[in-house]
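Below you'll find a set of structures to go through.
Look for chain A in each of the two complexes below; its partner is chain B in the first and chain C in the second.
After this line comes the complex of A and B, so read on.
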C-alpha cells in the first residue's frame, strides 16, 4: 500500500516539467538537489551522530569530474567515474578517522572542503593549466530534474532499507553507546565506513548531475562551504532520524535561502547563521520529533481528562 | 635560502602555536569545540587593521584594547550561547555535538559581519617592515616581533597555569570536571573564564597575524583548522605540546612552500594530521588513555 502510494507520487512528480514554467522548475531542481544531499547526510550522520561538515567536498568533486571528463567520455561512464572518485575519497577519510572518536571525524571533514578545493586548484594550475571549465552537455533542465528525481528515489529507498536492516540497527547502537556496540560484536568501523561511503557516493552523484546547470565551473563555485552548512541545517530542521525529515527540512529552507539571497545578498549568511543557532537551541531533534512530542502530550491530556 | 626558510617557518609556527594555545584552553578546560575560533582571530586582525590605518594606532598599543575586547566578547559568547548548552547536556558527547553545531552557526554570523563591513578582498598594512640582519639572514622586523610576542605569551600563560593558585584551579577543571566541585571549585565560572582567556589569546594571535600576513574575511576556517591540528598534535590541553606542534607545522609548511609548491601547504598540513591520527591519535605529547 505504502509502496504503491510512493510510486504514484513519484510518477506524478515525473510530469512536473511539462506542467510548470522554467522558474518553478528551477526551484524544484534546487529542492531535489538539496533534498538528496540532506537525506544522504542524515543517512550516515543521523544514527551515528558523527557530524559531517564536508558535504560540498563530495558534491564539488562530482561536479568537477563532469566538467573535466564530459568531453572525452560518454555520460554514463562520467557518472561512474564521479561515483568512483567519491568512493575513494570517502574510504580514505573514513579509514583515517572512523576508528577514532567522533570529534576527529568532525575536525577532518571541517577542513576537507578547503583541502580538496586547494588540491583541485593546484592540479588545474600546474598540470592542466586551465582554471575554470565549460560544461557542454545536451541536457535541458527537465533532464536534470528527472535524473535528480531518480537519485532522490534511490536515496530514499536506500535510507528506508538501512532503517530496516541489521546495519541500520547496528549504527543506532553505535550512536547510542559505542562500548555496548562493540560488546555486542558489531564491527563498528566497518559499519560506519560502509554507510559513510554510500552517503558520500550519493552526494558526489548529486553534484555530477547538477554540473550542466552552471555551464561554467571553477573550484570556488562548486566548493562553496555554504552548501555544507545548508545541508546540515536542513537535516537538523526536519530531523535527521526520520526517513522524510531531511527532505521536509530542505523544502522551506531552500525557498528561504533563495529569497534571502535574492533580497539580502550581503546579509544572508548572518541570517542563516542565527537561524542555525536557533534550531540547535529550540529543536535539537528536528521539527517532526517536536510535533510528535506535542501530539503525545495532547493525547495524554485527553486521556486524563 | 634554507636558513631564511627556517626562520620564516619558526615565525609562522610561533603564530600557529599562539593561536592554538587559546583553542586548547577552550577545548581542554571549557570542553567547547569552537569552530568559530579562527573567525575570532580574523576579527582581531581586522580590528588591528582599522586601528592602524584609520587612527594610526600602533598594533602593540592596539593589543591593549583588542585583547580585553576579545576576552569580553568570548565571555559573552560563552555566557549567552554555550553555557545553556553545557547545562542542558549532562554527558560530554552531547555537549561536543551541540557546541560544534552552535559554533558552526556562529562562524557564519561572524564571517558574514566581516564580509559586510570589509568585503571579501585581502587586507594588510605596513608596520615595521624594516629588514633586520640575523646571523647573515635578512628578516623583516615585524616577523621577528611576531615570534617574540608568541613566545612571550606562551611563557606568560605557562607561568599562569603552573605557578599560580588560579592556574591550578583551571588545570583541576581540565583534568576532571566532575571531581573539581568536590574541592570547592566552581566549574561553571572557571570554564567561562578559560573560554574567555582562550578568546583573548585568539585576539592576540589575530593582531600578530595582521602585522605580517595578508588576511581576508573568509580565512577564518583555515586558522581554525590549523589550530585544531596543532591542538591534536600537541595533545589536548597540553601547552608545551601546542608550542612544539605549532613550530613543527610552521616549519613544514614553509619548507613545502619554498621547495615544492606554495599551493600544497594545506595538503602538507593535512598529511601531518593524517599521520598523527593514524600513528598517535592521543597527540605527539599526549598520554595514551585507553
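After this line comes the complex of A and C, so read on.
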C-alpha cells in the first residue's frame, strides 16, 4: 500500500518537467539535489550523531569527475567512475577518521573538504594547467531532473532498507553507546565505514549528475563549504532519524535560501548562521519529532479532560 | 578444566597500579563473588576481562584460548557478557530493541520472528514481560537493571560479569534481584559478580575472591573468606580485626 503510494508519487513527479516552466523546474532540481544530499547525510549522521561536514567534498569530487572525464568516456561510465572515486575516498577517509568522535570528527571532515579542494586545485594548476573546466553534455534540465529523481528514489529506498536492517540497528546502538555496542559483539568500525561509504557514494553521484548545470566548473564553485552546512541544517530541521525528515527539511530551506540569496546577497550568511542556531536550540530532533510531541501532549490533555 | 584463567593480570594507570598481579581460575558453572573496598581494582579487573581495558601485564584465558589483547566484540563472541556498574541502557531504543541488539550481533545471531520470540522470553525471565515496546528511557532504575541483565543474557554467554548489579535496590527489589540471579544457575552460566551487598554474596556465591589495593588477599569458600581477619581489616579497618 505504502509502496504503491510511493510509486504513484514518483510517477507523478516524473511528469513535472512537461508541466512547469524553466524557473520552477530549476527550483525542483535544486530541491531534489539538496534532498538527496540531506537524506544521504542523515543515513550515516542520523543514527551515529557524527556531524559530518564532508558532504561537499564528495559532491565536488562527483562534479569534477564529470568535468574531467565527460569528453573521453561515455556518460554511464563517467557516473560509474565518479561513484568509484567517491567510494575509494570514503573508505580512505573513513579508515582514518571514524575512530575520532565528537568535535574532532566534525573538524576533520571540515578540514578534509579544504584538503580535497586544494588537491584538485593543485592538480589542475600544475598538471593539467587549466583551473576551470567546461562541461558540455547534451543534457537539458529535464534530463538532470529525471536522473536526480531516480537517485532520490534510490536513496530513500536505501534509507528505508537500512532502517529495518541489522546494520541500521548497529548504527543506532553505536550512536547511543559505543562501549555497549562493542560489548554486544558489534564490529563498530566496519558498520560505520559501510554506511559512511554508501552515504558518500550517493553524495558523489548527486554532484556528478548536477555538473552539467553549471557548464563552467572550478573548485571554488563545487567545493563550496556552505553546501555542507546547508545540508546539516536541512537534515536537522526535518529530523535526521526519520525517513522523510531530511527531504522535508530540504524543501523549505532550499526555497528560503534561494529567496535570501536573491534578495539579501550581503546578509545571506548572517541569516544562515542565525537559522542554524535557532534550529539546534528550538528543534533539536527536527520538526517532525516536535509535531509528534505536541500531538502527544494534546492527546494526553484530551485523555485527562 | 577452568573456564576463565587470570594469570598475573596487572593494570597500571600512569604511576597508579590499579590491579597488581591478579591470578585466579573460575570453574564452569561457578558463581563467584569479587569483593573488596572501593578502589581495590574490582571493576578494573572486570574491564580487562571484557576487553574494555587493555592489560599492562599478564594474560587472560577463556577455555584454551588467550583473550587478553582481543577487542571487546571478539571477546563477546567467545561467550563473555557483562553489565556495567552504572547502568548503560541504550536510551533511544525500545526495551525490546535493547535486547535485540544483543541477539542480532552475537555469535549465533537471531533476527526477525525468531528474535521476537526470544526477546519476549528473555524479558519475561527478568520480570519485564510484555514491555518490549516501551522506550528504554522510560524505565525505573530497577527495571533498567533488569533490562541490562536480559540484554547480557541475550548474548548467550558462558561467562557473565555483573558489576554491582544489586547496588541501589531497596530491600524488596534486592530480594527479587537475588532470586533472579540465583535462577541463572540453572542456565549453567558461570558468573563473576562484583558486589558490596553482603547478604547477596552469602546467598549467591559459593566462593569469594577479595581484593585490596589491587592485589588478591583472600580466595576461598564464602563463609571462610568473610570470616578472614585480613578481609575484615581491609573493609572495616584495623580496630575491628
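The working rule: the second predicted complex is superposed on the first by the 301 of 305 C-alpha atoms of A that agree within 3 Å, B and C clash if a C-alpha of one lies under 4 Å from a C-alpha of the other, contacts with A are read in each partner's own complex, and residues count from 1 in each chain.
The working rule: a residue touches a chain if its C-beta (ideal position, glycine included) is under 8 Å from a C-beta of that chain, and two chains touch if they have at least 3 such contacts.
What you see is a predicted model; the values in this text were computed from it and never measured.
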Superposed partners chain B and chain C on chain A - clash or fit: fit
Superposition-derived comparison: chain B or chain C, residues of chain A touched: B
Contacts of A:39 with chain B and chain C, given as first, second, both or neither: neither
Touched partner set for A:48, first chain B, second chain C, both or neither: neither
Which of chain B and chain C A:273 touches, first, second, both or neither: first
Contacts of A:118 with chain B and chain C, given as first, second, both or neither: first
Touched partner set for A:70, first chain B, second chain C, both or neither: neither
Partner chain in contact with A:229 - chain B first, chain C second, else both or neither: first
Closest Cα approach, chain C to chain B, once both complexes are overlaid on chain A (Å): 6
Touching residues on chain A, where the partner in the complex is chain C: 166, 169-170, 172-173, 175-177, 179-188
Chain C - residues contacting chain A, complex: 50-52, 71-73, 76-77, 81-82, 84, 88, 90-93, 97, 100-102, 104-107, 109, 111, 151, 155
Residue ranges of chain A touching chain B (in the complex, touch as defined): 49, 51, 53, 96-97, 100, 102-104, 106-108, 110-111, 114-115, 118-119, 121-122, 125-126, 225-226, 229, 232-233, 236, 266-270, 272-277, 280-281, 284
Residues of chain B touching chain A in the complex: 33, 35, 81, 84-85, 93, 96-98, 100-102, 104-109, 111-113, 115-116, 221-222, 224-225, 228-229, 232, 261, 263-264, 266-267, 270, 273-274, 277-278, 281
